[in-house]
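You will see chain A twice below: alongside chain B first, and alongside chain C after that.
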Partner chain A sequence: MSSIQIQNVTKRFGDFTAVDDISIDIEEGEFVALLGPSGCGKTTTMNMIAGLEDVTEGAIRFDGQDLSRIRIQDRNIGFVFQNYAIFTHLSVYKNLSYGLEVKKVDRSEIDRRVRAMADRMSITHRLDQPASSLSVNEMQKLAIGRSAIVEPRIFLLDEPLSNLDAGFRAYMRAELKVLQHEFGQTMIYVTHDQIEAMSLADKIAIIDQGKLMQYGAPLDIYNDPQNRFVANFVGSPRMNLVDGELREERGELHLMLHGGAEIPLAGKVRADFTSDARVHSGSFGIRPQDIYFGDRRGPTDITMHGKVEVLERVGPKRLAYLQVQETMFLAFDDHAQLEVGDDVPFFLPSDASMAFDLDSGRRLGGR
Partner chain B sequence: MTDQTAPEISNNHANAGYWTRVARDGQKMGFWFVLPTLLLLVFIVVFPLLMQLYLSFTWWTPLEGIPWYQAWEVFNWGENYWYMVTDPRFWGALWRTVLIMIVAVPAQFFLGMALAYLFIDQFPGRKLFYSIMLTPMMIVPAVVGLMFFLLFQGTGPINDHLGLPPEFSCLTDVNRAMISVIIADIWQWTPLMFLILLAGMLGVPSDQLLAARLLGGSNWQNFFKIILPRMKTVIIIALVLRAVECFKIFDLVFIMTNGGPGVQTETISVFLYNQTFGELEWAYVATMGLSILIALSILAMKGLSYMAKK
Partner chain C sequence: MALKYFFVLLACAVVLYPLLWMVTMAFKPHPEWTTVAGLTWFPENPTLQNFEFIFFGRAEGLVVSLDRTIVGPLIASLVTSIMGTLVAVVCGTLSSYAVVRFGLAQSLPLSVLQLRLFPPLAVMIPVMVMWSFLGAVDTWWGLSLIYGIVTLPFAFWLMKTFFEEVPVEIEDAARVAGCSYWRVFYRITLPIVKPGLATCALFVFILNWSDYLLALLLTQRDWVTLPVYMATLTSAMGGQMYGMKAALGVIAAIPPVIFGLMIQKHLVRGLTFGALKQ
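Right, the complex of A and B next:
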């Protein structure tokens, strides 16, 4: 078990900067997810931690020790590949024992640990069979077991659940969490699936275009996104993010939306937008579950009018698509009082609303 | 409508008979289609074999003054076979052929494997070196023979470099002639081995190799436990291919030494050539050719079934 310090790490491939000055501190025993869209540099970051890629600038330290001079085979890193990289020409047993055999561990000790791990992963009945005969789900378990058996300092998982069917994915997600507690292992997990990241990780590092967008606990990231990208990326359904120009008229501040409508800013979100005088165009964000219908509840809540275009069933609730001129707002219709075609008022609580600078994407004000 | 469909259903059985008949007639027709090819095959494979078998039981040579089909006049009840079994020159040639095979093929295998291992990673100039590596096997063997003939000349660069007198030549030295031939063969055919083994090595999934390294396996351990087992099929193919080819070695030897000095480098092919065009002992050549064919076929079948079992 190790702590990991990623310090100002940059990775360039020729002219292309895959990872741009990322710093992440991971404490011993923490479960950290690297989250981002495809091609954002999260896998490159992971590969640098594993030593599969060199670091162009900066340093990666395990317990304060720089790893760049240590060979891959001596780093003692558990790595679960996206496609598992099972040794298909060997038996399940030999797959599990590989990491111990190459370290010349005593035969009886190998046998004991292999059987214990197979038991833990419930693949004991498969031990003597060729690994190529396993199902995808069993391969997943074998891949994790094979890495875990050598008791690595850290565990790296590269989109390990993306090949699984939906049912087993949910099961494996829970299983991974249990395993992480059992092994007490520092784990780094790469995924583009925010739900996976939110449900599994102690901390999430959100990466976009090689840059670290935000690093923190899942709920902090969800409730307090520091920029427009994170606000947009985290949460399902996505946050309503509407862009426009700020205009002040007779002491009232309005966000003139690019779609034609306008939002009369009030309360906290108004203060957020005015916190930086240089900002003239902004992005207004509010999560669908914060919008409400019926009677206005707070004095600073913003009133809007929209037409119900679509009602979509999402679990027990209905998601309403509200059109305000050219702009669409998504909101949960919790009381099921809406009909398609209705022209209804809806309310945006100003303290649940977020303000972003449109040019830099930076969050204005704060929680 | 109903009138037409009803009999069709009831005649189902008769229909089946019809299709069987068509199939049978079709088979007959197919036979006629295949026949020309079949005849051609008989002419180019079976006929020469039978002719060889026939001649091998006679004393016939083209000097005999009778056409080959009248060779029965000099029928000798398989004495050729007895002569072959007791002919030291035949056994010598066979042994030398096997010697080249058991030295050159493993050497090519190990060199090819080592080179292939160097080429699995990217490095600057890889493509250029790759092209250079493959050049020897593109050259006509006779030309390679000529190249090495010139290299090993008494006045050639190798003698020059080693400071040996021009009167001495590796190619006419009793001990070194064979070594020279083997070196030439290794030089020419290591690239083929390299090419096949590299293809096999690149076929080993790179993520499995990475996984093996991350599990702590050293390069040697991963090579023997991951790469080598996965290359088994390719290795067998490469070895069989080269062994069979090597057994037929002729051009190199013929040009470099013509089997000499004496019979020091005479391989089976060169021996057969000399018997055919030098001694005109065609019946004897037929005997040896047939015997080697049968022996090799049995060996190949045994070998293949052994490998299939493995």
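Right, the complex of A and C next:
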């Protein structure tokens, strides 16, 4: 078990910068998810930690010890690949014992640990069969078992659940959390699925186009996104984010939306937008569950009028698509009071709304 | 349906008929070789005379004799073909792995292919000069070397496609587990491409085994191979020794067939390697 310090790490492939000046501190025993869209550089970051890729600039340290001089075979890392990378020409037993054999562990000790791990992953009945005969779900278990058996300093998982069917994926998600507690190991987990990251990780690092957008606990990231990308990326259904120009008329500040509608700004979100005088175009954000219907509850809540275009069932709730001129707002219809085609007022609580600078994407004001 | 089988049978007939002719001819006595006594499908008086003749240089009832038997050329063919195959497969495997996995010498694949783009005969005169300068003419290693060189591009390209099929993550997994590059190659990658390796070795062996031209030009007496030896089976009195040539052909067909049977298990897998998803 080790702590990991990723310090100003940059990775270039020729002219292309895959990872751009990323710094992440990971405590001993922490479960960290690297979250981002495909091709954002999260797997490259992972490969650099493992030693499969060299670092162009910056340093990666385990417990303060610089990794660049340590050969990959001496780093003692557990790596679960997206496609599992099972040694299909060997038996299940040999797959499990491989890492221990390379490390020249005693025969009887290998046998004991292989059987214990097979038992833990419930693949004991498959031990003598060729690994190529396993199902995808069993390969997944084998891949995790093969990496865990060597008791690595850190455990890296590269989208381990993306190839699984939905049912087994949910099971495996819970299983991973249990395993992490059992092993007590530092784990880094790469995923593009925010629900996986949210439910598993102690901390999430959100990466886009090689840059670290935000690093923190899941709830902090959800409640307090530091930029427009994070606000848009985290949360399901997504946050309403509408872009427009700021215009002041007779002491009132309006956000003139690109679709023709306008939002009369008030209260905290108004203060956020005016916190930087240089900002002229902004992005207004509010989560669907914060929008409400019926009677206005607070003096600074913003009143809007929209037409119900679609009602979509999401679990026990209904999600309403509200059309305001060219702009669409999503909101939960908690009391099943709406009908398609209705023209209804709805309210945006100012305290729950967020302001972003449209050009740089950064958050204006704060919580 | 019937049409499909018709074409299959037609193709089989075209391929198998000469083989049938060779095998029956090998067991025919001298008078039945040609139309003098009328051609027959099967030997009317089956005999092992032809085999006896090429193995011992003479046979009962034949006035002609040979000053050299099949034994020398058979050994020469085996040694040079096997050694040439080793050279091509070992060099081809290592170099194609380096190109595929480490991105070394990106221009190498095309340069290697160029070696196959012209007939070997085009460079045989300079090669003969070089080989005689090196003292390599009519030696086992001289012929093995040229076999290895000529079939190297084939081995290189074939192994290249097999290596490209191996997911890099499997090798990464082994490296993370603590293997050195060499150990990854030797213990993980090579066993995975074993079917391809077997297929490659068989094809290269067949190419070497059936060569006539290179052996004709680069051997004189000690290391004459079977195909060259076969061409010498004529006599001033008897003309073409068809029966002996057929017997020689039968014997020459045995090693590739044995080799093929030995690796049959891998062969089918090797030929369909690219079609299977990992």
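By our rule, the second predicted complex is superposed on the first by the 367 of 367 C-alpha atoms of A that agree within 3 Å, B and C clash if a C-alpha of one lies under 4 Å from a C-alpha of the other, contacts with A are read in each partner's own complex, and residues count from 1 in each chain.
Here is the rule we use: contacts are C-beta pairs under 8 Å (C-beta built on N, C-alpha and C of every residue); 3 or more make two chains touch, one makes a residue touch a chain.
Keep in mind it's a predicted model, so treat the numbers as computed, not measured.
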Fit-or-clash call for chain B and chain C when the two complexes are aligned on chain A: clash
First (chain B), second (chain C), both or neither touched by A:S23: neither
Partner chain in contact with A:N8 - chain B first, chain C second, else both or neither: neither
Partner chain(s) touched by A:S360 [first = chain B, second = chain C, both, neither]: neither
Partner chain in contact with A:T303 - chain B first, chain C second, else both or neither: neither
Chain B versus chain C as contact partner of A:K103, first or second or both or neither: both
First (chain B), second (chain C), both or neither touched by A:S275: neither
Shared chain A surface residues [contacts with chain B and with chain C]: 50, 52, 72-79, 81, 83, 85-89, 98-99, 102-103, 146-147, 150
Chain A partner contacts - residues on chain B that touch it in the complex: 205, 207-208, 210-218, 221-222, 225-226, 229-230
Contacting residues of chain A [partner chain C, same complex]: 50-52, 72-79, 81-89, 98-99, 102-103, 146-147, 150
Touching residues on chain C, where the partner in the complex is chain A: 167, 169-170, 172-180, 183, 188, 191-192, 194, 278
Interface residues, chain A side, partner chain B - complex: 50, 52, 72-79, 81, 83, 85-90, 98-99, 101-103, 146-147, 150
